[in-house]
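Take this structure, written in structure tokens, and hold onto it; I'll ask about it next.
Labels run A, B, C and D following the written order; every chain starts at residue 1.
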Amino acid sequence: MRFASDNRAGVCPEVLDALVDEASRSGPAYGEDDATAQVTDLLAEILEHEVWAYPVLTGTAANSLALASLCDPWGGVLCSDVAHVLVDECGAPEFFGGGLRLIPLVSPDGRIDPLAVAEAIDGAGEHDVHNTPIQALTLTNLSETGAAYRAAETAALCRLAHDRGLSVHLDGARLANAVIGTGESIADLTWRAGVDIVSFGGTKNGAAAAEVVVCFDDRLAEQLERRRKRAGQLLSKMRLVSTQLTAQLRDGVWLAHAAHANQMASRLATELGRTPGIELVGHVDGNELFVSVDPDRAAAWRDAGAEFYDSPSGNHRLVRLVTSWSTTQEEVDQFAEMASDAQLGPIS
Amino acid sequence: MRFASDNRAGVCPEVLDALVDEASRSGPAYGEDDATAQVTDLLAEILEHEVWAYPVLTGTAANSLALASLCDPWGGVLCSDVAHVLVDECGAPEFFGGGLRLIPLVSPDGRIDPLAVAEAIDGAGEHDVHNTPIQALTLTNLSETGAAYRAAETAALCRLAHDRGLSVHLDGARLANAVIGTGESIADLTWRAGVDIVSFGGTKNGAAAAEVVVCFDDRLAEQLERRRKRAGQLLSKMRLVSTQLTAQLRDGVWLAHAAHANQMASRLATELGRTPGIELVGHVDGNELFVSVDPDRAAAWRDAGAEFYDSPSGNHRLVRLVTSWSTTQEEVDQFAEMASDAQLGPIS
Amino acid sequence: MRFASDNRAGVCPEVLDALVDEASRSGPAYGEDDATAQVTDLLAEILEHEVWAYPVLTGTAANSLALASLCDPWGGVLCSDVAHVLVDECGAPEFFGGGLRLIPLVSPDGRIDPLAVAEAIDGAGEHDVHNTPIQALTLTNLSETGAAYRAAETAALCRLAHDRGLSVHLDGARLANAVIGTGESIADLTWRAGVDIVSFGGTKNGAAAAEVVVCFDDRLAEQLERRRKRAGQLLSKMRLVSTQLTAQLRDGVWLAHAAHANQMASRLATELGRTPGIELVGHVDGNELFVSVDPDRAAAWRDAGAEFYDSPSGNHRLVRLVTSWSTTQEEVDQFAEMASDAQLGPIS
Amino acid sequence: MRFASDNRAGVCPEVLDALVDEASRSGPAYGEDDATAQVTDLLAEILEHEVWAYPVLTGTAANSLALASLCDPWGGVLCSDVAHVLVDECGAPEFFGGGLRLIPLVSPDGRIDPLAVAEAIDGAGEHDVHNTPIQALTLTNLSETGAAYRAAETAALCRLAHDRGLSVHLDGARLANAVIGTGESIADLTWRAGVDIVSFGGTKNGAAAAEVVVCFDDRLAEQLERRRKRAGQLLSKMRLVSTQLTAQLRDGVWLAHAAHANQMASRLATELGRTPGIELVGHVDGNELFVSVDPDRAAAWRDAGAEFYDSPSGNHRLVRLVTSWSTTQEEVDQFAEMASDAQLGPIS
């Protein structure tokens, strides 16, 4: 019952086959290879737009490179107060960005409220050279709380941001899950909505380690190339990263795995929603769900072999359950059965 | 005839098998896994010393993390004027190190002369807070020119550095080749000689992407952990990096591949050394050799399908030939034959 | 009616005399002079403790040097959400600190609530290397809203911080005013309360440009020296900065000027407190007061020649009035009279 | 006999009068004052070109702000191997520039050779994203060795640099002395020769602490404003810095003081040039001269009360003698007499 994170899953067969195939050959170094070129082509195809693409190894690197390229070292970036860039990257955006500042916005359901954006920018006022000029907005879709931004919501936020001179970054570590969850196209959720730069994630969706920074024009090209190299994120055997991405992007593999993960989360949510003493918290738009349970029950689940993260929430525990391409129906049903077993989790 | 770089080679079977095996499973994230623990154990065993080990993705990251941890942002690092950290990493040491300074020493054969070290340090003088205090020395073994430092040479440099308050870093992207080339143990070439921190390379020796920063005490542990995460070099599926390293470190695989690569370089050197019009330049202590040839001949070799890097050297070309675990005897012999063919390379 | 800021005042006679005297001579450069040595001696005397003192030019530099020296680049600093370091220094702490993070705490009256500190630290949890470790707390006394921390309040905050491994910095741009306002000694408000490092301000209290970073042991000495030089804050004619500080610190000049400024603020507060339609907001512990008035009234004051900053506050304006060593009783009375004039400010 | 440095001199009467006058008044903060506006106007007048001017406190700050604004964090700056930015600023350019790299060129007489510039740039080659792109050249005029670049020499270097895409910075801490020394206009020595940005120095020429970054267009305006504030170099009482500059720039005061200093250096050089056992080294184009003497003689001079810096030079001492606006003819003659006294300095 592996629900701790989609980043604990193994590598999906399509990626593994491609990796083995490419690894068995020699080839050009530092991204001068065919696979890397194909990443750009395949992204352009699924995004329905010309792209400039920079594969890297981690979401942290992708996000930080993107934000550093959008902002001056003295600039500010609006983010959700539960954003991965804020709470899970050990200050990587500040490091890559030469000391830029992340400005958290209270986001009760993990999604940023347009009013909060407007207020943050307009409230900051002018103030000459003394304050921190807000230069970018970063969104996460699928958000850290499992909720998806719909295309129209993203577009509204981008409009607001652009009107005030901000650029918009999208942390898409689980963008595939948001595409499935919203039923909207990746183009609609990104550039058509006004997003300027995307961290597109492969790792949580079946890759070994493959993320890619995607731009829709070449304005940031030179600095992204330099910043990536300078951060030790340009691999000599970059083709082994790129081939993971092409394996996912080809033939809709990325969507199929995300659809499976979402379906498993949905099935689990349905089962848990029926169980007395378990309260579903927030939206289940993708492959993450959150339930509030009695601490004893959470402990009992863990003792029974379930893997998950939880955190305090009043006198309850907020349990996060994440599914992946490799989650089986059996795991879901086993968890649901355990959860409904009063002996394993006394109703509070 | 693939002699451009050992980083263009594919992944060796031992690593690939281990990678496939680990990738087929789910497992703990961010290095909390067994493979990562084993990296430390195996390194301790081959190094005959307790170690603290931090796997990362690239040599650039390994070197920069090490130097940033040894130096203040206002510190200086002595390096060879052909060091990879100086000429091939787009200023990554300065980036990771918050603006530290690399101070190049003229190194005719790629190895640093102890006299140059002494002169640089003693010549800098005191000068209060105004100048750049030299705090570290970085060596590359196998060096960028293919020459190895012997244990005694390394020890002499370390003694000099330590006596003047410097720490010593070793860029060991090709350390396996130096171990084979010198016939000295990895312990003798590192901590026994006084090296404080090592970038131990896996990628050029058959891994997909796996390097590891190795310390011999825990003084730098906390900052290395933080710096690695902050640089986007802590992978969620870190076990897929670590398993590459364990596959190499187990059963002497790393030495076997290095021995093969060195043997191929040696064979190639022997053949080319016999060929009129080709001048071997420098030492061939590992898997790199340099030859000086007429520009027409270099061009002819390339036209004949040979892959290599070359650079101007007076009115000749300095051709760098690098062998790897995957270089075949056929490639070597094919190159040697081509080189001896007067029609393909008119003797200058 | 100059109430815009104490940093618009001229230079007090004591400082100006000293400056002219020192400027008329040649002398040692870079702080190797007698005046600079005396700064340390005089600070030690008034602080009743051995000190290590580093004169600089601006409060921004003093604060940023202090925070950079207390924190790792990946560390977090708790601050008030109206702190000068957060809202008025263009990200200088992040710049000097290599990308450290300021973490604002909601501070309704400009002073940090111990509960908020405890909650921020304890709520952040462990979380391995992923999050931002909170390493320091910065207080401003006199705070940006004009309220003073008493010694016991400072001590409680320091205890809380130290118990959790944090260091404590005090932004004392107006510390003299807090000393007068609380009637407590500077020793009680700083090191006796547990403060680790102080930015002691001279500029707002009659100097031309003179602030000094003060430590109570030598742990940070080397890095403060280096960081100051590296930031272009070590003047060749440092003696001209130091002599300003000695002129203030000698014979209680610093206290006399602060006492005058506080008295002027107090007199103004008393007068305005009596005036219908003007609401005093917050404490008047030093030389700053805030009043909430109708926008028309604020505009009328400005038209009548009064200088001040104001900001929106609901449908009113929050007017900040700052007095200084050079504020005259005539100015205060003139302002009070104007404020009480119904024609200049129609009661809302 | 004060010949240690022009930065040990006191403040000239013109500056001191202006400082006292401005300090006796209150006035607008952060450079919103008349004096600061006049700095721009006066610089435009003497430079015969529209300028954007940013007063700061130290030459280190001026130089570092300028270089940071010209270069990417991954860029390289060519400089003389005796440049102040390289050897006397504790890595400030790297700090302000986010890790940029200074690339020293061997400069036997302190002035950069155009051939060395061409070789450094052309020799670096392309090399994709791996190396450090050279983006700027920095010159010091008057150079650190006392030699001046003439306008034609500066122009040749700028042409070379511009042709290769570099920007040019001039460290003009002693630019006034170079103007006098060459007899060429400040316009000819700067923008007419192609210089893009200048650190114009006041401190060494009679100010207390006043330098100014000068640009000839507004391309760098926003980042210079931000970087200056962020570095703690924007004073609240900036008018006290600006008034020093206006006092110098008005009525040719800056030229008069430089002319005096140069004349004193010239007189001293003439006298010492006649003295057996003293060898003048290099050019005396401004207010610095260097002589090579026997160590015993240098020691004897110091014992006799002369102030100067010296450094080893073979088995001799290289003594640097610097004159200033405040050097008296008596000091010069006293030194010359002492130097010619065989008892004080046995001829080697």
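Please note the rule applied: contacts are C-beta pairs under 8 Å (C-beta built on N, C-alpha and C of every residue); 3 or more make two chains touch, one makes a residue touch a chain.
Model, not experiment: these values are computed from the prediction.
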| item | value |
| --- | --- |
| Touch-network distance, chain B to chain D, counted in steps | 1 |
| B-C or C-D, whichever has more C-beta pairs in contact | C-D |
| Maximum centroid distance from chain A, chain identifier (CA atoms) | D |
| Gap in Å, rounded to a whole number, between the CA centres of chain C and chain B | 52 |
| Distance between the centres, which are taken as Cα means, of chain D and chain C, whole angstrom | 35 |
| Multi-chain contact residues (two or more partners), chain D | 73-74, 89-91, 95, 98, 129-130, 226, 229-230, 234 |
| In the complex with chain D, residue positions of chain B that touch it | 73-74, 87-91, 94-95, 97-102, 125, 127, 129-132, 311 |
| Chain D-facing residues of chain A, complex | 30, 72-74, 98, 128-130, 223, 225-230, 234 |
| Contact footprint of chain A on chain B as seen in their complex | 2, 4-5, 7-11, 16, 19-20, 22-29, 56-62, 64, 89-92, 95-96, 203-204, 208-209, 226, 229-237, 240-241, 326 |
